[in-house]
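Common to both upcoming complexes is chain A, partnered first by chain B, then by chain C.
What follows is the complex of A and B.
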């Protein structure tokens, strides 16, 4: 017995507003994007004939294909870096920090920037990366270089540096959650049976946290693939990923081309998420074990 | 093992702890240093540039911010963003509690409903915003921060509130509810008097998600906001025009604002916990 009867009409009606909102604002527009990407002709009208021309044009252009490839490479790099870094941090926070006070302080120190604007945090990297930026001044002060390195601001390296600082917590968060859920008895049992710490980690701890790792990777993947704001802030106009291309076409009023890129971006993400959902069942996460 | 110094596994365990600790601290400073730099540079003098040295210390750029009119005036966008964030927060609270309660009713198709909500988190802002803008154009609806942007932003904040409420209800002790119902309370009364007060911290969490995600949203707003920009849009526009310490001042101010908002919510959360635990103690 609970405050709502199983399969009661009330349960349908309670779900209707949220479902209608999501359908109207998320699903319909995305379907619309797919439709628009097939529009032929030049006019912005629903009567446009449907063709594959827009896609053909995209795939015929070497520059766009290279851009798509570099987007995937860039995303994979970030997933690897944030994955390893995030796991180290999560493991340290949960397994190595024993005092509750320290744990809370570290937790807050990690979580507070997460609640502030990503855009501002991306902008905050600008004074760091420039030719006269903090990094270059430090390097010259230490004597590592004689002249400033111009490779930070408006470069792929700078974008990567900023995004690592923005998204590592996305990779670490789910792992923290999964590590916390591991019963200490499991590790003790293994230790009693003479497993070395590394074996305990490899055979017990890591497999149990795998769902957390996968979810973290999905979050980083989705965010980096669609993060055009950081790329635009730090990369200037010199660097673009697929998501910037959507914006570029949109601002140039090339709605069809923008839709094509958006659909391709969506397909990439869909493949990634489907693969990840095959590995873990997200719905089980909130439940008590 | 060759190459390893001869230390026992306990020593190695300690060493691992140290290495991981250093990685954590280095990352922490890596994450915080830009934010501190931003804050510090926003106090540079009138001739200060966008990087070090600071050229004196002053409130010049904050005064600039306050005096500014027309082009780089951030006050109206700030007001719009705040109002929008409150509206999204309230809507998220109501809809996510309803939706999570509906999930407990296990209505037919609840699996699809869950994935529909998840889609709101997974679907990137750039696609949703772009698609919605096209839809509005086809329908001939004028874009505006208080209509179209509101609709789009709730589709982003709602799933987070929903997942929060779902997690809260998963851990919720159903026996309390059952006791109320057994004692003759109607379902509505039991929900209002028993369930809702118990899940209130989760409700506040959902509200916090709603506020913060809406306040900081950029991608979705970019496509769907009309001529009157929200704060992130105004900042980005200013960044495109000219990079001055004024942007740092805006950044510092808005970061400060969101920190205050978080503290208020956390305080409400804490007060709520305290009052429920006091009630428990007094009824015991």
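What follows is the complex of A and C.
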């Protein structure tokens, strides 16, 4: 077997296909998008003058700003819910399930739904949340409510429920990985130093899994910000987030407005990821253990 | 390392003549499914004793240690720490500290932070923690490392940090699980001596688990040899080296030649034992009743008790061929092949000139009193 040394010409040539692909499908489209978002005038042409008009128009509209704000609030809610839920699931899987068979079974139960597409999983929530859906039927059967609750489907609550189910494993996965990497002796050492289990968690386990939590939060953040399918399916036409606005403008052939929202959405994500990297340096992950 | 040389703790209750034992294990048992890890282990550790649990891997010594720490709960038996029942107590309520084999340093804490962790758990004031951490780091000669994280430390430095972290709370007992096994060989001897001196100065009982008999015999006031979940023999190092109680101990401890055979004749002060390589005289055990005529027994002779200058008093004799000579400095070991294919070791003082070469056939002998009869045919 031969090895390729760092900075040898071969290593650069090997990177060419991937680099060309990334350039073609990521970098060039983003540059075009940003360019189009600055187009002025009415004609759809490369000769359009560059102005800030499109952005000014977006920020002048109260409805759009409220939509942006509610997108951020919605995303923050989901990050909080999936973060706590995902950590609990991860902790349970790694620390509490001792039998390897059970662990595999539960792990598969969490993973298998991911073999279907996000859209189908989102649609699968409709029969659950509907007026005559599973949840309402159950609630009425138990006697918790007399008449069906309409607030589930086509509501913010319904969207949140569906997205929590879709993205909790994204928050849990990295935590599972980080928890697995913690040697049991660390917890035992803390216990022999008179730390109670809660203190062991707060001072040893949680700090060591923090990178996993942050990565999970980044994944959830990016996915929720860009998820228009779930919002459209579960929210009907009553609810929209920024990503739906892109679609709306696009379908209305308002390419410049669509570009503006897309660019703003990208900027939000960029800021989010930068903030996350401030908290945990993902590139240095695992270097100090 | 004089940070921990404090006054002896006055914990003997008034009216009691003697201070309680630091640790007492009464008939500890622990099973995992069908596997018995610890089987009826009883042990008494008096104040400030250095105890070594010695045995091959899987013999139950680490499980015993973990039971003392509270990291495992024994299925049966009692654990008394400082005379107080502690069998069901969780680790954080026991008056112990533990040093782990790979040191188990917290990767996200600086040296100063993790050395102070134990005091933090005891809710000591910040100023006191800072002062004591600084003091112990200085006395362990690691003060310059205070702000470093474990990943940037060498093996020897980590060992010191782990020791400082465990010792700072001044526990009654320090449990050490192969504490120097992860160190370079050249470092071990120095560290062993330091630890022994530290233990004597502080008066903290050490329970040291190891598979290395050099460690056990040079450090321990009391050596406990374990095999197959049981204690084979416990006593001071001299006793275990000079009078191995079982064939396993004799075979495990270096420098013993083990023979197996049948009792052929009961004499006044000795037994005549017939083995595949000859018939030998072995002194009768003083305490136990002598074995029955014809029963299977084993005995051992230490390699340095054998001689090739055979006189009348060397009543036990054996002819064998030398196959190898190993020179250790202090001793020169000659490996002979017995007629049954087993090995016979014969040690000479290393300063003497080499006389025996491989291939030479010699008659070796030893006096009757050099042999030690074992209790039962074990191992």
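Couple of notes before you dig in:
Keep in mind that, in the parts below, the second predicted complex is superposed on the first by the 279 of 289 C-alpha atoms of A that agree within 3 Å, B and C clash if a C-alpha of one lies under 4 Å from a C-alpha of the other, contacts with A are read in each partner's own complex, and residues count from 1 in each chain.
Quick note on the criterion: contacts are C-beta pairs under 8 Å (C-beta built on N, C-alpha and C of every residue); 3 or more make two chains touch, one makes a residue touch a chain.
Note that the structure is predicted; figures quoted are calculated from it, not measured.
Of the two partner chains, chain B is the only one that A:3 touches; chain C does not reach it.
Residue contacts after overlaying the shared chain place A:207 against chain C, while chain B stays out of touching range.
In the superposed model, A:199 makes contact with chain C only, not with chain B. In the overlay built on the shared chain, the residue A:186 is in contact with chain C alone; chain B does not reach it.
Look at A:168: by the touch rule set out above, it reaches chain B but stays clear of chain C.
The larger set of touched chain A residues comes from B, when the choice is between chain B and chain C.
In the superposed pair of complexes, A:233 makes contact with chain B only, with no contact to chain C. On chain A, the surface patch touched by chain B in one complex and by chain C in the other comprises residues 196, 287-288.
Residues of chain B that touch chain A in their complex: 9, 12-13, 16-17, 20-21, 23-24, 27-28, 30-35, 37-38, 41, 49-52, 95-96, 98-99, 101-108, 110, 113-114, 116-120, 122-128, 130-132, 134-135, 137-138, 151-152, 154-155, 158-159, 162-163, 166-167, 170-171, 174, 177-178, 181-182, 187-188, 190-191, 194-195, 212, 215-216, 218-219, 223, 232, 235-236, 239, 243, 247-248, 251, 254-255, 258-259, 262. The touching residues of chain C, counted against chain A in their complex, run 69-71, 90-92, 94, 96-98, 100, 102, 104-108, 117-118, 121-122, 149-151, 165-166, 169, 175. Taken together, the chain A residues at the contact with chain B in this complex read 1-8, 10-15, 17-19, 21-30, 32-33, 36, 44, 46, 85, 88-89, 91-93, 96, 106, 109-110, 112-113, 115-121, 123-128, 130, 132-134, 137, 164-165, 168, 196-197, 222, 225-226, 228-229, 232-233, 243, 246-247, 250, 255, 258-259, 262, 265-266, 269, 273, 282-283, 285-288. On chain A, the positions that touch chain C within their shared complex are 183, 185-186, 188-196, 199, 203-204, 207-208, 287-289.
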